[in-house]
Structure formats: C-alpha cells, structure tokens
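Some structures are shown below for you to check.
Both of the next two complexes hold subunit A, though its partner changes from subunit B to subunit C.
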Partner chain A sequence: MENAIIGNMIDLCAVMMLLTTVLAVAMTHMKPLIRLFSAQSLFLAVLALIVAYSSGTSHIYIMCGLTLVLKVFVMPRMLWYIMDRINVGREVGLSLGIPGTLLASGLMMVLSYYITEPLLATMHTVERNCLALSVSILLIGLLMMCTRKNAITETIGLLMMENGLFLGAVALSHGMPLIVEIAAFFDVMVAVIIIGIFAHRINRSFNSVDTSFLRRLRE
Partner chain B sequence: MIPTVIGILQAVALVLVAPLVSGIVSKTKARMQGRGGASVLQPYRDIRKLLGKDSTVSGSTSWLFRAVPFVCMGSMIVLAMMTPFIYTGTLAPFGDLVAVVYLFTLYRFSMVLGGLEGGSAFGGMGSSREMMMSVLIEPALLLAISTLAILSGAGTDMGDISESLSGMGLLAVGPALILAGASFTITLLAENARIPFDNPSTHLELTMVHEAMLLEYSGRGLAMMELSSMVRLTVFMAMLGSMFFPWGVATTAEPVDILVSVAVTSAKMLLMTVTLAAVESVLCKTRLFKTPNLLTASFMLSLMAMMSLYIL
Partner chain C sequence: MNTALTSLICAMAASCVLCIALRNRRCIGTLMPVCSIVLMVLALNLCVPVLGGEVIDDGPFYMDPLSAVFMVLVAVVGCMASVYSRAYMGLENREGVVNHRELGQYYSLLIVFVSVMMLTFAARSMAIVWLGVGATTLVSTFLVGFYSREESTEAAWKYIILCSVGITIALAGYTLVYASTVGVIEHGALDWPVLMAHAQELDPTMMRMAMVLVIVGFGTKVGFVPMHTWLPDAHSQAPSPVSGLLSAVLLNCAMYGILRFHAVSEITVPGFSSTILMAFGLVSLAVAAFFIASSRDLKRMLAYSSIENMGLIALGFGIGTPVAVTGAVLQMVAHSVTKPVLFFSAGNIIQSYGTRDMSAIRGVGRVMPGTSWLLAAGTLAIVGAPPFAVFVGELTILSGMLGGGLVWLAAVTVVLLCVVFAGFARNVFPMLSGDPPSDVPIDGSFCRIAPIAVLMALSLSIGLFMPEQAMEWIGNAVGTFTGVVG
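Coming up: the complex of A and B.
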C-alpha cells in the first residue's frame, strides 16, 4: 500500500515535469518560459527527495539539494541576467508555429512510449512510466531547440532535455554515481555560461540573438 | 425515495448557487484590482431586474430568436440534473458523458444561432469566433472526460465515475488524472469565455466573443441567457470538483455523509472560484488568433492522459 502510494507520487512528479515541458512549448514569451523551467526543476528536486527517502540512498539527497539550488534558483537568475544585459526581446522566436510544435511534441510522446515499451516489458509500472516520460521530455526539449530561433530559448530547451535525463537516471537506477552527477551539474553550469557569452557575441555581431543569422556567410 | 429528493435538491442548489459563484468571482477580481466591487449578491439582483422588464425583439427575427434562451436554459438545467455536485446519485440516470459534451455543444450551437438571428454585424462576428474556438474545445473536453471514464472503470455515467474515483482514494492520483485535470481546467476557461480566451466583463466591440452574441437580447431573454451562462460555469466547476478531485463527495444518502459533503463541496467551490478570479487577474486576454496555441496544448494533454492509460 505504502509502496503503491510512493510510486504514485513519483509518477505524479514525473507527469508534472512533462506538463511543464508541454506548457513551455506553448509559451510565446521568455519570462514565463524561464519560470516554467524553474518549476520543472522543482518537480525534479521533489522527485529526487521521494526517491532518496524511499530507497534510502543518501547521495540522492545531495543531488536533490544541488538541483534545488542550481536549477531552481541560480540558472534562472543567470538567464534573467543575460536577458537584461543583451536587451533581448521578450518574444521566443519561432520557426514553426506553436500548434504545429505541440502536435509534433504529441507525436514525440507517442513515439517514446512506443520505443520504451518492449525495452522494459518486465519492469515495474512506475519505472516504465518514468522512462517513457524521461524520453519524451528529452525529445520535446530537442524539438524545442530545433524549432526556436532565439539563442536563449534554445538554451532552455537544452536545460529541459538535461532535466529529462536526470529524471530517467534518478527514477530508474536511483541516481548515477555522485561524481558523475556533480560533473554533469558543472557541465550544465559551464554550458549556460558559455551559451551566455555566445549569445552576447551573436547579439553584438547581428544586434539580435536570432541564431538563423549564423547561417549567413559574411564577407 | 430519499436519494431522489437529494438528487432534486442538488440540481436546484446547483442552479441557485450559480449567480453567487459569479458574484464571488467579480468581487474577488474587484478586490484584487483595489476596487470595492459590487456585493456578491449583485447577479441575483440583476437577474431579478431583467426578469421584470419587457423584451424588445427586432422585427426581422423569427421564432428561433425567441426560442434560443429557452433552449440554452433548458440544456443547462438538464446538465445540472446530471452533474454529481454533493451526492453521486444524480437525478438523471442518463448522465452519459457523451450526452454531457453534446449538451454543452447544443447550448453553444443555439447561442450561435441566436447571435446570427439578430442580423447585427457584432452577433455574426461573435458567432464565427465562438465556432472557431468550439472546434478546438470539443475534442479536448470529450477526451478528458472519457479518460476519467476509463480510469474509473465504472461506465460512462458521471455519478458512477465520481463514486468509483472517490472510492479509489489516493491510488487514483496518477498521470492520467492530473493530465486530464489540467486539460479540463484550460477547457473550463475557454468554454466559459474567461480571461485568456475572452473577457467576460467587456463590451468592447472588437474583442468580445460571448457578449457579442447576447447583444440583441433584452429583458427576460437576456436574464435567461445570463443565468444559463452562470450555470454553465458552475456545472464546469462542479464537474472539476466532484469528478477530477472527488474526495469528500457523498456516495451514500446518509445524513452525516451529506453534511460532510456539503461542507467539503462549499470549500472546494470557494477555492476554485477564488483561483479563477486570481487567474483572471494575473493573465491578460490573448489575441483571438493566439487562442489555438493554448487550446492545442489542452488537446495534447488530454490525448496524453488517454494514452498513458492504454500503454501502462
């Protein structure tokens, strides 16, 4: 009974992460998008807390704390800061319309359930569900990176993909080894910083953070 | 015998409480904007005043124009009988969910006809916008409610679904329920002409959707149209409260259960009303051509809810 309820709560957090991802695809403005990313990270932290409590694995607590500090507070602040610094517009810059992207992300969800089904036929329901959700968040994040033109929106797509990955790692195998997790966190931190500098440079060269300018050859 | 009486009472209560719900929404919104706002009982007074007035009908309209308010009010009263509000044994044993969705559609369709009948440009404009949105609302609504029917495994009657889900306790809280609930909430806002989709308190010609269709109505007809749209909001809230989060709803006709349920249901309704007012205060109305974005998201969520049931 208790196991079933804990399983349900894990499912719930995973689904809330998917929900925030789908809503993020539907957003046309930057600020709600950043808030949704921090909400998604918050659900990841709660999920990690539940897994840590139920499995008794102590290093997941550390991962939970890191997620809470870095992804819920620090990275959104950094993105705000970058946005303020380079005066980027509030629009996210679409190259495919929102209904189209949403329908495509629906296809991604179907696809991820379809491909994970034979893989884990013997697994527990909760784990199977989390794997499918993790793959769909990954694919939707990738889709977001492909269909947006704004450098900062693309960064958020990357961060959301990363959250999906952690969801899979925590729910399925009770986390990666601590050193790998910390390395992954710092990777992402560094990625955000580099992308920030990069966005700054794109902005200076083209007066916009629209990455489609990068395709042009300049003499 | 007693269950039938309670069934009648809850349908009557649902209709009577509807203006109060609207009143609380406007009062809360006014407070959030720093105004005093009208009393929460103002909608009752408005309806009483309108009922006492003569109706002016344009000479170019046919009987259809006069029939529309009765069709709207009638479909909402039937819906009030089907909805489990306090007690899951509803009055109408035919509370099938397909009937529910199409009663909402009947309401909308007749309102659109009423808007067109007046022959004014605004009515036609409002009607065409309403139809555009309804194309996107209907599949999401149908999918969200069907998901619940499958989840509960209790057939397609709303009362049975509510009873079975409240029996499942916390085990019912899963991906399907949450996704379907989120989709239903977006549908609630769209269907009831609430803020990201339409502004219920505006009469600005270029943006109104719902109000544009009511422009030609006056007196008794207007009173019925207003009341039926308030009942529609309350029915939606009752469905959200007693089917998506059904804990506390009475499943038996025991007096204690009913009393507990009355208390819990009032608390839930109050919470939803205040949340609705808060949502309306912090969001702004989006352009008409941006509404498909959110509606497609709602459709995707309900599709996902349905899918997660079949695959797991």
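Coming up: the complex of A and C.
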C-alpha cells in the first residue's frame, strides 16, 4: 500500500517536471521562464527526497539539499543578476513559433517513449515512466536551446536538460555515486558563471544578447 | 604512493599556484614556460615506466600504457606551446594588442589548462575523467575568447554552449552505464578497471543506449561531424599557441573518454560501438576533406584537418583489429606532434602579414625562410607524405582495413586522403612563393622557431627510424585495448 503511494508521488513529481518544461517552451517572457525553472528544480528536489526516504539511500538527501539550494534559489538569482546587468529584453526571442515548438515537444515525448522501450522490459512501472520522462525533458531542453535566440534562454534550456538528467539518475539507479553528482553540480554552476560572463561580453559587443547576431563566423 | 606521480601532482599544484600568484609580474613570461618544462620532465619520468608495461593503481589514480601515451603527448605539446607563447604573446604585448594584465591571465590559464588535461589521464574513476573533460572546456573557453573581439566572443560562446550540451549528454550515458552496474558491481562502479573486469555481466541493452549517448556527447568535443560546428571557429579565433593545443591534445582528451567506454562496451556488446565510431569517423573524414579543399582561411583549414584526423583515428579504433588499433594510436601520436607545427608556423605568418586569408599571403619563403621551410615540411607531414609520422599511421590504418576485409572502406579513405592532399597543396604552397608585400615586419626570435623545429624533428624521427622501444610502448598501449577486445 505504502509502496503504491510512494510510486504515485514519484510519478507525480516526474510528470510535474515534464509539465513545467513544456510550459517553459511555451513562455514568451523571461521572468516566468526563470520561475518555471525554479519550479522544475523544486519538483526534482521533492522527488529526490521521496526516493531518499523510500530507499533509505542517505546520499540522495545531500543531492536533494544541493538541488534545493543551488537550483531552486542560487541559480535563478544568478540569472536575475545577469539579466539585470545586461539589457536583456523581456522577450525570449523565438526562431520557431510557440505552436511549432509545442508540436515538436509532443513529438519528442513520443520519440522518447519509443527509444526507451527496449530498456523498459526489466523495470517496474515507476522507473519506466521516469526514464521516458527524463529522456523527454532532455530532448525538449535541447529543442529549447536550438529554437531560442537569446543567450539567457539558451542557458535555461541547458539547465533544464541537466534537471531531466538527474531525474533519470535518481529514479533509475537511486542516484549515481555522490562524487558524480557533486561534480555535475559544480560543473553546471561554473558553466553558468562563465556563460554569464560571455553573455555580458556579447551584450557589450553587439548591444544585445540576441545570439542571432552571432553569424559572422561562416564559411 | 608512487613517488613519480606524487611529485608530478605536487609540481602541478605548485606551478598553478605560482603562476596565478605572480601573474602580474614581468617574470610570468619566463616563469610559465619554465614551469611547463618542469612538468614535462616529471611527466616523462612518470610515464616511461608505465609505457614499459607497469600499471600504477593507487587510490584515486590509475595509469596504464594507454593513458601514459595520452599524458606524454599533453606534456610535450603543452611545453612547446608554452615556449612558443613567449614569442607569440610577447609580440602581441609589444604591439599593444594585449596588455600586461591580460598577458598574466593568459599564462595562468594556460598552465591550469595543461595541468587539468594531464590529471584527466591519471584518474581511476570515469567520473573524474568526465569532470576533467568538462573542466578543460571551462578553462579553455577563456583562452578561445581571449581577444575580446566580436568574432572571438562568438567562437567562445559557441564553444561553451555546444560542449556543455555534449558533456551533459555524455553524463546521461554515464547514468545508464551506472544503472547497468546496479546489482553487478558493489563498489566503485564507475572505476574503469572494475568496469572492465565486470564488463561481461553488464546489461547489454543499457550499454547500447549508453554508448550512443557517450559517443555523441564526447564526440561533440572530439569534433565528429555533424557536432563539429564549434571547432573551426574556436581554432581559428584562439591565439595560435592555444589553437595548437586545442587541436593536438584537447580533442584527444575527449577521445580518451570515448575509448575507455568503447573498450568496456566491446566486451558487453561486441561490434556495436565500433560500428558507431566507424560511421562517425567516415562522415567526419569525408566532410572535412571537402572543407579543407575549399577553405580560404589558413587556420580554419588546419581546424578541418584536425576533424579529418580525428575521423581517421575513430575509423582505426572502430575497425578494432590489432593492426588497425596500432595504426590509430600511431596516427594520434603523429597528429599530435605534427599539427602544432602547422598552427605555430601559421601563427608566425599571421602575425607578420596581419591576415588569415590564404590568397592574400604571398612570398613567405623570402620573408621568413625558417617558418616557410617548417610550414612546407609540416604540410607534407600532415597530408601523409613519406617519411613523416602521419604516413606511418595512415598506412597502418589502411593495412588494418585491408586486413579486416574492408576493401571498399580502404578505397574510399584513399580517395578522401587524396582530396586532402590536393586541398593542402593547392592552398599552402602558393603562399610560400611569389613576391611578398613590401612592409612585412619580421620577428625571428629563438622561441619562435625552436619549438616548431623540435616538434618537426619528432615527427620526422618517428616516421624515419621508429625506435624499437617506442614501438614496444605503442604495442603496450594497444595491448590494454586489444588484450581483451581482439
């Protein structure tokens, strides 16, 4: 009985993560986009907490704490800060319209169920859903990076991909070894800082963070 | 703990701290090359016994002949790039392109970059290798975007965004590898000797998907087509000593990540990842060959040549017979010592002529005879003319293909290599002859020619009289691979 409830809650969190990702794809403004990233990270943290509690794996608590501190609070603040320092517009800068991107996201979901199918035979229902959802979030995040022209939006796409990856790691194998998780957090953190520096530089050179200006290096 | 390893790591830490602390002093331009020479000596001291077949397995560190080959290349090329930087960056500083503070930043980033790459190859856990590959991207982004021009900023942006995505995808592959070890390996699941020992018992379906993700992820950084788009930009915009390093050793770092997992997966699911490697290798080779032939920008052409060589190396490892793998290792060594020759001599030319457009550069032979000779020799070497090292590598890979019964693949490769040859000949040799413009400034210091000459001599001696010892070392490196695979 208790197992079923836990399974349902894990499922719920994972689905909410996907939902926030899809909503993020449909956003046209920067501020709600950053809030959605916060929300997605919060669901990841809750999911990690449930998994840690139910499986008794203590190091997932650490991962849960890191997610909560870094991804729910610190990184969104950092993105706000970068946005304030550079005159990023409130628009996200689309190269493919919202309906088109949403349709493509739907296709990504179907695709992810298709490609994970061979892996599912050996798994429980909960793990199955989480794996497919994790791959969907990865793919949608990638899609977001490809279809947006704004430096900050591209960064958020990367961070959302990373969240999808952690969802897969937690649900599938009850987290990777702690060192990998900490390494990954550290890496993302530094990457965001550096991306911030370069967004600032792009802004200074081109007077905008619209990366479609970055078309000088061509054959 | 192994004393050679301890002393190398202490020296790395000391040089990084020293260079960062003294970055605003005038002496940094001498200090950093000296540090890198010390690192090279210590790395050689560590690697020579390992190449001879000794395996260091010590806490978080693990080195076998394969990682030693990679580390020696980083040490040698890193040292030459630092010495060459003295001439290159010195001139930039005198001409006012780079101020004193930026010069200090450059040298401290460079020593950190080289140290991180070396450490990557000494790690036991694949997680540390992943972290190392990620860290090299982060450090080198600043080197790629070193000139604050618009083009360099764009190149650095593309570089960090694409490689971050690549690294994330590779990590997804790691997740699946780890998931496949649950219930099989109790402790140290991502340590690569442990993975190798249990490779037979891992879940094949998981491993298949993991390999796709790992090869695509790290392959972004190796420069496999179609994920290569950052590579020509980054190589052409970075300062020339850095371009040489990126091309000769950074790409190897990511290749190393792929190879370790490739070895494991070839036991779990034979023939799966080798097919993917061969496909990426062939596509990269083909696309790069045509871009080389149509390039106008000197450094972009050299960058495409790196893609071509990485493709060839991937082909060699993909075929997987002992001969082909030997060829691939040889080719990797040959590419790493030959490519910096080209990038550094290109750096000399570009600094004097002030342009990268090959049709605007004429008469190098008269203005800079030393550089001209080295560029000509380097060009012949990289396109695989005898008697240079690349010739030996390419020939061995081709004979591996024929030995494996892949006649068509060999034929296609030969045709593509001819295209590369023609492209290089058409683009490079006209630059050397003709009348130079009247106002070409010449800077012929020792540090400008010596590192190039040393690398060229290495390439020539590997091709002409490969010592028995070196052949045995390469055989050992191949053994860590085929000992279990072939």
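By definition in this document, the second predicted complex is superposed on the first by the 216 of 219 C-alpha atoms of A that agree within 3 Å, B and C clash if a C-alpha of one lies under 4 Å from a C-alpha of the other, contacts with A are read in each partner's own complex, and residues count from 1 in each chain.
The rule is simple: contacts are C-beta pairs under 8 Å (C-beta built on N, C-alpha and C of every residue); 3 or more make two chains touch, one makes a residue touch a chain.
Here the structure is a predicted model, which means the values were calculated and not measured.
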Please work out whether A:Phe206 is in contact with subunit B alone, subunit C alone, both, or neither, and reply first, second, both or neither. second
Now for A:Ile195: first (subunit B), second (subunit C), both, or neither, which partner does it touch? second
A:Ser105 in the overlay: touching subunit B, subunit C, both, or neither? Say first, second, both or neither. first
By residue count, is subunit A touched more by subunit B or by subunit C? C
Quick check on the superposed pair: does A:Ala132 touch subunit B, subunit C, both, or neither? Answer first, second, both or neither. first
With both complexes overlaid on chain A, does A:Ala4 touch subunit B (first), subunit C (second), both or neither? first
Tell me which partner A:Leu19 touches in the superposition: subunit B (first), subunit C (second), both or neither. first
Indicate the residue numbers of subunit A shared between its subunit B interface and its subunit C interface, in ascending order. none
Subunit B contact footprint on subunit A (complex, rising order): 4-5, 8, 11-12, 14-16, 18-19, 22-23, 25-26, 28, 98-99, 102-103, 105-106, 109-110, 113, 117, 125, 128-129, 132-133
Subunit A residues within the subunit C interface of the complex: 115-116, 118-119, 121-122, 138, 142, 145, 151, 154, 158, 161-162, 165, 168-169, 172-174, 176-177, 179-180, 183-184, 186-187, 190-191, 194-195, 198, 201-202, 205-206, 211, 214, 216-217, 219
Residues of subunit B defined as touching subunit A within the complex: 170-171, 173-175, 178-179, 182, 290, 292-294, 296-297, 300-301, 303-304, 307-308, 311-312
Can you list the residues on subunit C that touch subunit A in the complex? 125, 127-128, 130-131, 134-135, 138, 141-142, 145, 148-151, 153-158, 160-161, 164-165, 167-169, 171-172, 174-176, 178-179, 182, 189-190, 203, 205-206, 208-209, 232-233, 236-237, 291, 294-295, 300
